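What follows is a set of notes on a single structure, which appears directly below.
Labels A, B, C and D are assigned to the chains in the order they are written; within every chain, residues are numbered from 1.
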Amino acid sequence: MLEQLKKEVYEANMLLPKHGLVTFTWGNVSGLDKETGLFVIKPSGVDYDQLTPGDMVVMDLDGNKVEGNYNPSSDTATHLELYKAFPDIRGIVHTHSEWATSWAQAGRGIPCYGTTHADYMYGEIPCVRNLTKEEIDEAYEKNTGVLIVEYFKDKDYISMPAVLCKNHGPFTWGKDAYDAVHNAVVLEEVAKMAARCELINPQALPAPQELQDKHYNRKHGADAYYGQ
Amino acid sequence: MLEQLKKEVYEANMLLPKHGLVTFTWGNVSGLDKETGLFVIKPSGVDYDQLTPGDMVVMDLDGNKVEGNYNPSSDTATHLELYKAFPDIRGIVHTHSEWATSWAQAGRGIPCYGTTHADYMYGEIPCVRNLTKEEIDEAYEKNTGVLIVEYFKDKDYISMPAVLCKNHGPFTWGKDAYDAVHNAVVLEEVAKMAARCELINPQALPAPQELQDKHYNRKHGADAYYGQ
Amino acid sequence: MLEQLKKEVYEANMLLPKHGLVTFTWGNVSGLDKETGLFVIKPSGVDYDQLTPGDMVVMDLDGNKVEGNYNPSSDTATHLELYKAFPDIRGIVHTHSEWATSWAQAGRGIPCYGTTHADYMYGEIPCVRNLTKEEIDEAYEKNTGVLIVEYFKDKDYISMPAVLCKNHGPFTWGKDAYDAVHNAVVLEEVAKMAARCELINPQALPAPQELQDKHYNRKHGADAYYGQ
Amino acid sequence: MLEQLKKEVYEANMLLPKHGLVTFTWGNVSGLDKETGLFVIKPSGVDYDQLTPGDMVVMDLDGNKVEGNYNPSSDTATHLELYKAFPDIRGIVHTHSEWATSWAQAGRGIPCYGTTHADYMYGEIPCVRNLTKEEIDEAYEKNTGVLIVEYFKDKDYISMPAVLCKNHGPFTWGKDAYDAVHNAVVLEEVAKMAARCELINPQALPAPQELQDKHYNRKHGADAYYGQ
């Protein structure tokens, strides 16, 4: 079932090592089939060089495994919460990519220092708080998703397709699994250049709002004119 | 038309990922045909691994597309302003290369800390100011070029073939498209070593003027003796 | 003799350059055969691209060479002390991997800033003191092992399979040679992200204890649920 | 003539891009034939991927070209001074490798923070002063060599086979061209880890003298026991 989606999710997962975003098995991509309400996700702890499309696990949005020989990613419950709350996304990525994770460990959002950032993500990339001990004990992965959803409840998850979880790492999303990986790559580049920007000039300020607006709108929305 | 120039511009564009200067489609190279006053530029938002020489877009210096199946790079208007104002250049490169962009985001010019820099670029690599909201709203890409030209109006664009645009990224130029790419690579190396130099010694000073002069003149001008 | 173990130790040694953990011959892996009490280790100063499984050296736990055409690694006496004191390990790695060594040179343990660290190593990765001149003169490599064992005498070497030796570099261990290499890779990633975390936020604090506990126990022990 | 030496010097030059020590043509290796008093060096400004053994240039120690189709490296006069003053070396390397050059630009010698450094180089790697305007005008490349020789006149150039030239970059040497490249690689690794060491702990101190002595003497001299 969902053979095409499994193939896409498999390919999107394989893009993570290709782009240098994962060490060992430290990442996972999922993709949602909107019609059936099922999503496909990488199995937990399986090496990337041994993955096949058929290894992908099919889940429903209640968290039940529908098909698959393996256990799904241990972060499945986080993906599930995001799919339920963000109706316009069909792909999610989690990694421990080194620069984004360094910001997450530092507990800081990433200011928008330039047009590379503004081309894809509108404003500061947020870093959400630690879960409490109670939230961890109750349902760690689920509550990670709940916390992200809570943060975005009065914000636009389309123009900010990324979040950092404090002392943990990033999640990104997109219109499909490939797009979510694309955003994970962008996040990593932006995180790297923001850190170096601050080393070069500790008093650096975010890009002027009009420049951020110009670049974001050059690529997104009704007046976009970038690309073909 | 301009088949040879299209091939050169295509090859020069392909050197950007080879040298690690671009992620995804974040860069563009153009080349000018001095006789016809036409220039050739990468199409907007097309993946590097799908580019062909025939995809290059031919433009005139009034900004009209003369030939091509694709829209030209969204930065075409910037290239055009530079070609009009700098009569001795025939190639231009824009990238978001990581170290040069980090300096641009930091809003600082790059001091000449050593001979690697002085071999190619004479003095501090400038960082031009942000455009105003009015300049952005009127014509963002064109005014980016106008601002660069304004900066260089009483300066030598030959001995300083690079500029940083604040909160954005670098442009470089040269005697042809390959040479402009060469300068983009040099800029990135120089930007990286200057940032690290300042971390190693926050009180570091630029190289003595006589050393900068020696190295620049060893490679450029009537008394050059580097190379064959 | 011990052909299978030689092959494993050979393969584990070859993983060091593959993962970018060694320059030239700056690393060594050993593996222990519990039944015979013999261990197999890389020969000293032999290039990785010339190694073969048959070049591995077989040692006993009294430090006698049992088989092999080459001298064993100059760090053999350190490995030996660890095998004698840590009954549940069967693989040891020493490298000069760049980030872990930078922390060792800085003389600091690596705080647990995030879940990447907590997934594998419980608490701060320790940095043990310099040996005294007397200890160096008496038996440098042996006393390096003695010092590590002394540090761990009231601690759990299973949940902390890594140590930094001040002004020197890291040792890691594991349930076999592959596992010890796995931990060496983790250590390097963790060391890199911890250094960058502190640059991004000099006031960064370790991850909350409950988050460290959650991640460590998600992957280890009776209640682990990561993987298959 | 000197076909074997040309081949060695060619191969040693090709190791520079292999080890990531050069961009474009920014480096050169030479090798000395002790019997004839001739040395072989890379031609100036020729791309590494177009070099052949036959392109190497043969020079005598008076600075005359003895054989070759190309001009020798522009740094030839520096090599020559070192060969004349350091009787026990037969290979020299100059690069603009990024970390060593960053230290040179910072105008600082590299403290011996650990055993990686002490295994190869005894004590702080020196950074010599800028040449004066008079020295530059008189004979830049020759006086670069004279300055290095002056620095080492009461020091041991064998146990410290490397130097940084302020605002310029490193030179290394060795018992042949390969060994000089080996030292250039070591220098770059040591420079990188020393810079990171200081970021991790700005109060870091050099390794204790007895540890430096132990490691240097473990690999060099009558009591060496590293390797085969």
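For this structure, a couple of remarks:
One rule holds in what follows: a contact is a pair of C-beta atoms (placed from the backbone, for glycine too) under 8 Å apart; a residue touches a chain by one contact, two chains touch by 3 or more.
Please read all numbers here as calculations on a predicted model, not as lab measurements.
Between the contact lists of chain A and chain C, the overlap is empty. Both copies, chain A and chain B, contribute mostly unmatched positions to the interface they share, with under half of the numbers common to the two.
A centroid comparison over C-alpha atoms places A as the chain most distant from chain D.
Between chain C and chain D, the superposing rotation on Cα atoms measures out at 90°, rounded to the nearest 5.
With centres set at the average Cα position, the gap from chain B to chain D is 33 Å. Chain C has its Cα centroid 46 Å from the Cα centroid of chain B. Residue positions of chain C touching 2 or more other chains, listed in rising order: 198-199.
If each chain is drawn as a node and touching chains are joined, the picture is one closed loop, every chain linked to exactly two others. Chain pairs recorded as touching, per the definition above, are A-B, A-C, B-D, C-D. Touching chain B in their complex are the following residues of chain A: 113-116, 182, 185-186, 189, 192-194, 196-201, 204-205, 207-208, 210-211, 214, 218, 225-228.
By the touch criterion given at the top, residues 23-24, 26, 43-46, 70-71, 74, 96, 98-99, 101-108, 130-131, 133, 136-137, 140, 167-169, 195, 198-199 of chain B touch chain A in their complex.
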